[in-house]
Amino acid sequence: MNHRRIFILLAIVLAMAFVLSACAQPPATETPKQEAPAEATAAPAEEKPAEPAASEEPVTITFWNAMSGSRGEVVKDLVDTFNEKYPKYKVEAEYTGSYAETLTKALAAYKAGEAPTIVQVYEVGTRTMLDSDAIIPVYTMNKGEVDWNEVVEPIRKYYSVDGNLYCMPFNSSTAMLYYNKDMFEKAGLDPEKPPTTWAEVEEYSKKIMDAGVAEGGFSMGWPAWIFEQMYAWHNQLYANNDNGRSGLATELYVNSDFGKMVLGEWQRMAKEGVLVYGGRKYKANDPFLAQQFPFLFQSTSSLGGILKKADFNVGTAFLPRFDGDYEKGNSVVGGGCLWVMDTATPAQQEAAWEFLKYTFSPERAVIWHKGTGYFPTSNTAYEMLKEEGWFEKEPNFATAFNQILSGNDTPASRGVLLGPFVQIRDVMGTAIEEAVVNGQDVGKTLDNAAAESNQLLADYAQLHGK
Amino acid sequence: MQTRFPNKTLPYLLLAPSVIIVFIFFVIPSIQSLYLSFYRVSPLGNKKIFIGLQNFIRLFHDPGYLNSIVTSFKFAIFVVALGLAVSMGVAVVANQRLRGFGAYRTLLIWPYALSPAIAGLIWAQMMDPNIGLTSHLLKTLFGVHFNYQTNGQQALFFISVAAAWKMLGYNIIFFLAGLQSLPVELLEAAAIDGAGAWRRFWKITFPMLSPTTFFLFIMNTLYAFFQVFGLVHITTEGGPGRATDIMVYKLYRDGFEGMNTGYASAQSIILLIMVATLTILQFRYAGSRVHYQ
Amino acid sequence: MLSVMIILLFPMIYAFLIATQTPAQYYQFPPRFLPGSSFFENIHTAWDRINLGRLLFNTCVVAISVAIGKIILSVTAAFAFVYFNFKGKAFFFITILITHMLPLPVRIVPTFELIDQFNWINTFKGLTIPFFASATGVLLFRQLYRTIPPSLADAARIDGAGPLQFFWSIVIPLSKTNMAALFLIEFIYMWNQYLWPLIIANADRTRVVQIGLKQLVDTDAAVDWHIVMAGALIATLPPLILLIIMQRSLIEGMSFYEEK
């Protein structure tokens, strides 16, 4: 038998594995926080003329976030710069997976008494955080240093309950219309005159399709979210109790006449080949970039990526409106907000507040906006960008901003807060697919979706009702 | 019968680590799954409401869950049928020309080292609607506009192919081992009697291979139900629509994205019943086989 | 036969080709079946983009410690089952076998909560310890020990050697082939885990490579397939190399599964 041989092999492999891991492993074991040693942005500059406080241990706080890739780099830079500037504090940022994973894990860690000090939560998780009894609302931390009116209004309103801001807006985005200017030209349309109504979207689409420039008309990312946007944009409530803001929502209005009209239109256009269903999240970006259709409804956070990868001229425009007697609402803010967990010690709370203020400072907000494409969250930052001519150079970055500032502030336009929002988004996403892709009856599909969602809301209310 | 050492405490000490881990991480959590399945639990776990069998009743009225059961079964049937048929075919062919078989075998085993997630990535690239080779082929050969990102049926086809492909090497090795243990005389006798290759395969090889086939059937079924989470999570995320929302993925979404732990636990119990059935089937069969050997 | 092999392995070969190409090269039609010009660049980009070094290190730690942990626990348990008579033997045996019937999804919520209570979220302990018990391993070694000639143990007893001495000097050396097989199987098994590391350890310090790869595909616009394939290639290499070197053990180990 060749036990010996196999064991020698095993030994070799083990040795290899260790060698591999040894070279694979930067000096990270000792200081696990300092990932990516290649990035020498801030670490070596540690020895700057710090205050004498350097002899004391800095107050350490943890910051869990869902920002990966290039956005993660910007977060890293933010944290490094803060740590350098405030040696009294030490922020440890950690990428903890997707938004959903980050939220689940933060709550689990809270249960175990190991909660992060600050956690980034997406808009879908807002109600969960509000109802968790596990957070310190940021408005209670503010001792007058920050003027909340500085926060861009629609963003502030989204994360406020009874006029009080509960978390620090961080990465905010909304939906807008992207279009392919080259296709406009080829079809003889004016590329500087994007459609403003759905009827025009359809009309232009058909012109472009008839001219043989594209196979389809438009597609949308996050279809359920675009559906929500349509409600707010036309000032329609999505759920009762003022969109779940004056009390827990118990009934969804997705099967209202308005909802049936929207989905009915989408279904009709899908049947005519104008609406090309492109999948959820960012899946529709690829065919848009491959020039299969001229229009894309997508989050503003995709702007950077689309501009970088598109080999055609990209235009952006406000969301189109439906014809009819609908009041103007506003487009809804999505994205993430920073929440402070109540397990933080007073010293950590102080550090957290200092960090939140820093993220909100106009200078950082400008860097954040340029680096990621998310909104600058403060009005001053917006002014600064305007002054330096950023929006003239990059007009596409102004579109969404002008869109949310152009809207009206009403209960319906502030966006909906739902407890089981993750599941309801999924229910709605499926309903839209049923209607648009599989051609199911719109009324029935929406009635079923509403019933399913109301059940989820009832379960949630049973757990959280006072 | 082995010699036994007369020691009263040592065996317990030797067993303790295994048994403790099994109890803490396997037995007790499984019982807790059952317990939790009767409750509705808040995301932080601080509020629990006893709701009896409501979670289970809900499950069988939830179009999402019913869909995930159907999807899982379709997926499993496809993976098992495709995987076993192809690998049995390859094994039978390979068995006829055994020269240099060692080298082939080496290559065949390679996909075994791949994770389902990576198999998924490789096939996602092969079937990418824009650059994928397979999508190009399907378009040119059959005029099929292949886009698994928007077409549910195609998405299910895509994950099934990826999952079945990953298991091929494993299956082929077992089939080859099974084939080589077949009595050569029987096949030769049949050949002398004038039975054609096809007939010999159906009358002799296939039935005599059935223990291996059965074993692989169980292994592939367990694989299709329980080990392809990564494949789905890294590629389709259950979509488009709910077309690839297999049971384990649905469980993950409800339990760890929706934080509906009671509901997720009820789904765990359904899975437990399924796996128990399969395992009992396997043990019973394997048990009876031993007597014949 | 060779052609069949090539068809079966084609996706791997093609994935490798993509990993060597630039987008311009793999976007062209008809597709080219030649290596492209940016292999090392792609590897480099993938490596930096998701910090692959760290991911590989983490995965190595997890796979090696679980493989070794399982070997130790199953060898000792199998030794106890074969060489001793004690109360509750059948009960314990069934207890260990029952792990076969309880795959992770069946107990995932409470196990997650348990790990949470232990404060093992985002730790290597949480990633590895729940995997240490192995029914396969116990069965594998139990079967082996039953075939060791009883005369060896008798001789040991007559020589006055205790069970532990016998275990160490006779049983362990005889177990080496099976240990190698189990090591290989469990290493690959752990290397390829996905669900558990996703929910328990998706943080910079403990993230494993399978989960890390997801970040490469999660982009807003147009997946960089050359980078993804380069990353996937690197992530497959350690188990693949191990498999190629040790494949004899794998076949021995696999054939055991069938006999079980």
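For clarity, chains are labelled A, B and C in written order, and residue numbers in each chain start from 1.
Going forward, a contact is a pair of C-beta atoms (placed from the backbone, for glycine too) under 8 Å apart; a residue touches a chain by one contact, two chains touch by 3 or more.
None of the values given here were measured: they were computed from a predicted structure.
Undergrad: Using the definition of touching given at the top, classify the network of chains in this structure as line, ring, star, complete or other.
TA: Looks like everything touches everything, fully connected.
Undergrad: Ranked by contacting C-beta pairs, which pair of chains comes out on top?
TA: Counting C-beta pairs in contact for each chain pair, the top pair is B-C.
Undergrad: On a C-alpha centroid basis, what's the spacing between chain A and chain B, in Å?
TA: 36
Undergrad: Based only on mean CA positions, could you tell me how far chain B sits from chain C in angstrom?
TA: 17
Undergrad: Would you please write down the residue numbers of chain A that are in contact with two or more other chains?
TA: 101, 104, 111, 286, in rising order.
Undergrad: Mind pulling the chain B residues that touch 2 or more other chains?
TA: 45, 130, 256 - these are the residues of chain B that touch more than one other chain.
Undergrad: Give me the residues of chain C that touch two or more other chains.
TA: Residues 112-113, 198-199, 223, 242.
Undergrad: Would you pull the chain B residues touching chain C in the complex into a rising list?
TA: Touching chain C: residues 1-5, 7-8, 10-12, 14-15, 17-19, 21-30, 32-33, 36, 45, 90, 93-94, 97, 104-118, 121-126, 128, 130-131, 133, 136, 165, 168-170, 173-174, 177, 212, 215, 219, 222, 226, 229-230, 233-235, 247-248, 251-252, 255-256, 261, 264-265, 268-269, 271-272, 275-276, 279, 286 of chain B.
Undergrad: Could you please specify the touching residues of chain A with respect to chain C in the complex?
TA: Chain A reaches chain C through residues 1-3, 6-7, 9-10, 12-14, 16-18, 20-21, 23-26, 28, 32-33, 35-36, 38, 68-69, 94-98, 101, 104-105, 108-109, 111-114, 282, 285-286, 289, 301-302, 304-306, 308-309.
Undergrad: Which of the residues in chain C come into contact with chain B in the complex?
TA: 1-2, 4-5, 8-9, 11-12, 14-15, 18, 26-27, 29-31, 72-74, 76-77, 79-86, 89, 92, 95-96, 98-114, 129-130, 132-134, 138, 145-146, 148, 150, 153-154, 157, 162-164, 166, 188, 191-192, 194-195, 198-199, 210, 213-214, 217, 223, 225, 228-229, 232, 235-236, 239-240, 242-244, 247, 250-251, 254-255, 257-258, 260
Undergrad: Considering only the defined contacts, which chain B positions touch chain A in the complex?
TA: So the residues of chain B in touch with chain A come to 40-47, 49, 58, 62-64, 129-130, 149-150, 152, 237, 239-242, 253-254, 256-260.
Undergrad: Under the definition above, what is the set of chain C residues touching chain A in their complex?
TA: 48-49, 51-54, 56-57, 60-61, 64, 112-113, 116-117, 119, 121-122, 173, 176-177, 179-180, 183, 198-199, 202-205, 211, 215, 218-223, 238, 241-242, 245-246, 248-249
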